[in-house]
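Taking it in order: structure first as structure tokens, then the write-up.
A, B, C and D are the chain letters, set down in written order, and residue numbers restart from 1 in every chain.
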Amino acid sequence: MTLQEFLQNFANGISLGSLYALIAIGYTMVYGILRLINFAHGEMIMVAAYIAFYTVFIFSMPWYISFFIAIIITTIVGILVERLAYKPLRSSPRVTILISAIGVSFFLQNLGIVLFTGRPKAFQVPTLFSQVYTIKGVNIVSLTFFIPTITVVLLILLVYVINNTKIGMAMRAVAKDYDTSSLMGIDVNKIISVTFGIGSALAAIGGIMWSMKFPQLTPTMGLMPGLKCFIAAVLGGIGNITGAVVGGFILGLTEILLVAFLPDLSGYRDAFAFILLILILLVKPTGILGEKIAEKV
Amino acid sequence: MNLLEVKGITMQFGGLKAVANFNLNIDKNEIVGLIGPNGAGKTTCFNVIAGEYVPTQGKVFFEGRDITKSRPDQITKLGIARTFQNIRLFKDLTVLENVLIANHLNLQSNIFSATFRLPWYQKEEKIMYERSLQLLDQLKLTQYKNEKASSLPYGLQRRLEIARALATQPKLLLLDEPAAGMNPQESKELMYLIQELRDKFDLTIFMIEHHMPVIMGVCQRILVLDYGVTIAEGTPKEIQSNERVIAAYLGVEHIA
Amino acid sequence: MLKKKGIFLIALLVMSLLVFSACSGDKEKPQEQAQENSQQVDEEVIKIGIFEPITGANGAGGAMEEEGVRLANKLYPEVLGKKVELVLADNKSDKVEAANAAIRLVEQEKVNAIIGSWGSSLSMAAGSIVKDAQVPAVAASATNPLVTLGNDYYFRVCFLDPFQGDVLARYAAEKLGAKKVAIIKEVSNDYAVGLAKFFSDAFIKYTGDENAIVAEVNYQTGDQEFSAQIQAVAKENPDVIFAPGNYTESALIIKQAREQGIDTPFLGGDTWETPEFLQIGGEAVEGVVISTFFSQDFPITEESKVFLDAYAEHGQFDEPAAVTALAYDAYLVILDAIERAGSADPVAIRDALAETKDFEGATGYISFDENGDAVKDVVMKVVKDNKFVYLDTISPNN
Amino acid sequence: MKRKIITSLIIIGIVIAILMLLQNTLDNFKLRILNLAGIYVIFAVSMNLINGFTGQLALGHAGFIAVGAYTYTLLVMDSDLKSMNFFLEPIVPFLSSVHWPFLPAVIMGGLLAGLAGLLIGAPVLRLRGDYLAIATLGFGEIIRTVFTNTQSITNGSLGLKAIPMPKSFLFIEMKNAFTWWVWTAVIITVIFHFLLVSSSYGRALKAIREDEKAAEAMGVNIFKHKVWAMVISSFFAGIGGALLASLMTTIDPLMFRFTLTFNILLIVVLGGMGSISGSVISAVVVTILMEWLRFLDQGFMGLPEIPGLRMVVFSTLLLLVVLFYPRGLMGNEELSWNKITKMFQRFHMQPREVRK
């Protein structure tokens, strides 16, 4: 393939990867604290997308306001979900919480179907994000510049918060040892709520970005991104924010480039993600940047 | 020939050396103690012998066979059983089940003859039950046999761990702080129990213990570990009068 | 020990029985009523089941067909002096559910005939059930040959993929003068796979060029990112890109292709003719050519006008989707069959259906061949100013 | 030994009685639900073995079910049916002529699923917890994707239809032969799992669930036992898959998305991880409930019809159960007499309440 084709594919890979990364961060944060695969994370994407859609569509607000509202509401929804569906199960086996998470995502999806019907809605993309630039024959939508920037900015912000602020310290403490930190007088519930808030906010931002890249909303739209981004998070070593970003980019690029180089296998594309994941897990059971947790005997 | 022979094992976790060039020979039917301040690397030694960790350097021989790289379950099959510092019973299962599981490794019949309760399996199962009940009896746990392990008081849980270890029919028994959290009375009983078991099951025992009376009472030989290095070895008497040990233990002694 | 085991197992079975009878017991009451009613009023009421995916992935299509049937029912509420009652069964776009829904229609609701379903695989799930129960079913838009193949009780008012594929290929070769075509297909969608195959066979036939299909790439239902597939296709710079699949994915494919600066014309099948396709695609889908069943700009029959007027009045969109018209026809065909049969007995209806010849429906004249497939014209349309505009009509016999 | 034979005879007698009763009283619709319930029992019980008893969060069940379903289908279809189904791309020659009877085909379905379980379990069972979960889930999806793309073997997304249903049970022609097959399979599955988990191997599996390190220290070869659990679990999943294919008479890859695994997992958790009787009960109840709640979609009590409302109610119920009975219906206990009597009363109340 020519250099230009490669660059085009590369650009596509980056733009997809950064989107994965953005959502994976939220996943990884929640997991880091609760050790819970928050299957409802994907539904947060859906919620945010629909709110953004309706606020623009019905109340015809300017996009930045509607996006802001969407993020706020989604954050609240996220915190509520944690309070109602996960908090009561803190003491019970992990799988139960996992089921609860699956239940929540089930519930939100079906609620979505009742409220918004199964028919897809077209998301109006603000022109700011939809211009197409051509650089050396490589076509890039302006959104493609925004997503990675946002991702990186958020990454830096989060890393700073987690490493240099009081709340961040508390988060790390809770992540390390739940019981001890509660003994140390850390308000664990507050920390977890905050984490979920941030996680959901990230999901919301990701969701909005997602629906601008793929301007088509359905109640089940959260399923695939949810899964892919969780894979990304695990790839990078779940619980590790930088890892999530790395994993996101790796996943996005491999998906694109594998199809680019082996178009005959394009039908297997969705399997790639998993094959890649399994291969990496077999080589490095805790992901690329995940530190090995040796169980104390 | 020694029953257990540990040749210069070193265990390195990233930066820190948990154990450095640790050597040990144990003869049959000996009771050997391993003491040292917290974090001296005692449990690490156990984990290396039990196959939990593969040492960075050195080798472990059991009955002359190199077991350095063997898996824990293989080592248990060879005849090394252990208890855990922080009790690790099968909490949701009954006392009897806990002991029965330890019999599993000697089971000959395969999973299907077990499932379909073929005669030979039934015979084996019968034996398992008898042996387990006998063991519970010897350790005075019979009355609790149908209770959940987690419901037992602390002292009994420790004893159950020993029973469970014995059920694997070991030649060498590794006890990791068996007296931890016991009152003087209980620990005295424990001392007798340990000696009794050694004779009844013709065991060799290697134990970690903070509780000086117990160690001094039962062990013929004691090793002292400090910062992963063996600083002394000898009879209880020698150890008690060894300055380096006292130095290492200053302040620790009377807490324990 | 063993005794306990036995007891336990017995208990377990008794349990499952109890649970079952308990729950189905609850179900009993309404049903009994339903059945009683149907016994008393059977004389006046004829039940037609709407077997469609109202929820799930195919919810949109199902809803559009339901709309068509309800509209037809509004216009023609009676036959043989009896009221026609519609019974909706949502098959949730899921095969297991679909089978349950279908058997529920024939067993519980005792419908005389069934309309549906959108999505061939869902229709297939009902296939053996309607066959065994001997209740005729008429699919509106299920274009997979397997639906009616070897099943006397399944009919359809739409044309089949082999013919559609042939027409599209002919159009690409002759009207668009394409020499090389690339295919992007939804590999997990039976409709797309079938159509792609028929298309490529026909296209090779028309161009007489073995390698006329320069590239063929796949994607899965629910995918949203296609840039890699698009690039892989564009690299062969084809004259036309044929992309059979669901309108949801397809709209995104075309949008992304345009964003990547690829302006090769896109060609697609009947599934694209939905308002959402235009909304999501925006100006990206301008100039896209599709084959479909029917066009309102070009009413074929008297019935077409009736339908269009009625739709203009009651319809929820300003323009009816083709599948809406087809569902409308499915209802009409059944009514016609009942009339000719002079009875609402399912088997009689089935026999009458098989006889259907040149029935004047909204989407054209319908006759069933020996497989129970309608022999019909294909209508070509192009997207102009975000509307589907009539282009051409191609009939089977030329 | 003798006593066991007697008890099992009693059981079988009772089952026959119950089935007689049901299949004569129930119409085809309810009979179908009964069959479906049976199949879900098989799915749930087999999944419980690896997830509930061994404590390994494996989410690849849908994949194994698919393997069973496709194996069965390709074996029982005669060449005419195959050539009808494979009208796009002809089936690979070595499969085109095979034509097996029902039972061997079902068993082969189980065996191949078991093999898949072995091939998948061997590498990934070294992983723990969520990593295992996502890896197995991935394998399930990979299997599905492969079946979608290997058109000349599975007919891809076109699916396969007109899968024959057994007309006879143990060489006896009868009306509802299939129901008999399904519930025979259910009984065998339940008894097998019950005997397995109460055997020494079962104890070892539970030990692994309770504390892997300790189990290993007690000489249990963790890996070997996990793989066994996985293989057996997937074997029965395959059997269930074969039966599902036969019940549906048509299959395609989209039936086996990971949502299927989730549904089964939900059933298992509702019934109680590590309780066979729990899985059986919840499988039956959930299957029936799903159908029974249909009236919600059709519009009731004057409400307009709200498509999808049923699923909302269902998922709400599910959440409530998970939140208020986190250990499920039975926890990891099995059914016992006093429990039964309780249930008895509870389920006897139910219809009356409804009548009011």
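Here is the rule we go by: a residue touches a chain if its C-beta (ideal position, glycine included) is under 8 Å from a C-beta of that chain, and two chains touch if they have at least 3 such contacts.
Quantities reported herein were computed from a predicted structural model and do not represent experimental measurements.
Q: Per-chain Cα mean versus the mean over all protein Cα atoms: which chain has them closest together?
A: Centroid comparison flags D as closest.
Q: Which chain has its C-alpha centre farthest away from the C-alpha centre of subunit D?
A: So the farthest one, by centre of C-alpha atoms, is B.
Q: Report the inter-chain centroid distance for subunit C and subunit D in whole angstrom, where each centroid is the mean of the CA atoms.
A: About 31 Å separates the centre of subunit C from that of subunit D.
Q: So the centre of each chain is just the mean of its C-alpha atoms; given that, what is the distance between subunit A and subunit C in Å?
A: A distance of 35 Å separates the two centres.
Q: Rounded to a whole Å, what is the gap between the Cα centroids of subunit B and subunit D?
A: Taking the mean C-alpha position of each chain, the two centres sit 43 Å apart.
Q: Where in subunit D do residues touch at least two different other chains?
A: In subunit D, the residues touching two or more other chains are 4, 145, 148-149, 213, 307-308, 311.
Q: Touching at least two other chains at once: which residues of subunit A meet that condition?
A: Within subunit A, the residues that touch at least two other chains are 110, 113, 117-118, 267, 270, 297.
Q: Counting only residues that touch at least 2 other chains, which ones in subunit B make the list?
A: Residues 52, 84.
Q: Report the residues of subunit C in contact with subunit A in the complex, numbered from low to high.
A: Touch residues, subunit C against subunit A: 53-60, 63, 93, 187, 215, 217-220, 222-225, 227-229, 231-233, 235, 248, 251-252, 255, 259-261, 276, 279-280, 282.
Q: Hey, which residues of subunit D end up touching subunit A in the complex?
A: Interface residues on the subunit D side: 51, 57, 123-124, 126-131, 133-135, 137-139, 141-142, 145-146, 148-149, 213, 262, 265-266, 269, 273, 306-309, 311-312, 314-316, 318-319, 322-323, 326-327.
Q: Can you name the residues of subunit A that touch subunit D in the complex?
A: Touch residues, subunit A against subunit D: 31, 35, 37, 84-85, 88-89, 92-96, 98-100, 102-104, 106-107, 110-111, 113-114, 117-118, 230-231, 234, 238, 267-268, 270-271, 273-275, 277-278, 281-282, 285-286, 295, 297.
Q: Considering only the defined contacts, which subunit D positions touch subunit C in the complex?
A: Contacts found on subunit D: 3-4, 6-8, 10-11, 14-15, 18, 21-22, 26-30, 32-34, 36-37, 41, 84-85, 87-89, 145, 148-149, 151, 156-159, 161-162, 190-191, 194, 198, 244, 247-255, 277, 280-281, 284-285, 288-289, 291-292, 294-295, 297-298, 305, 307-308, 311, 334-337, 340, 343-344, 347-348, 350-351, 354-355.
Q: For the complex, which residues does subunit B have touching subunit D?
A: 50, 52, 71-73, 76-77, 81-82, 84, 88-93, 97, 100-105, 107, 111, 114-117, 119, 121-122, 124-125, 128, 164-165, 167-168
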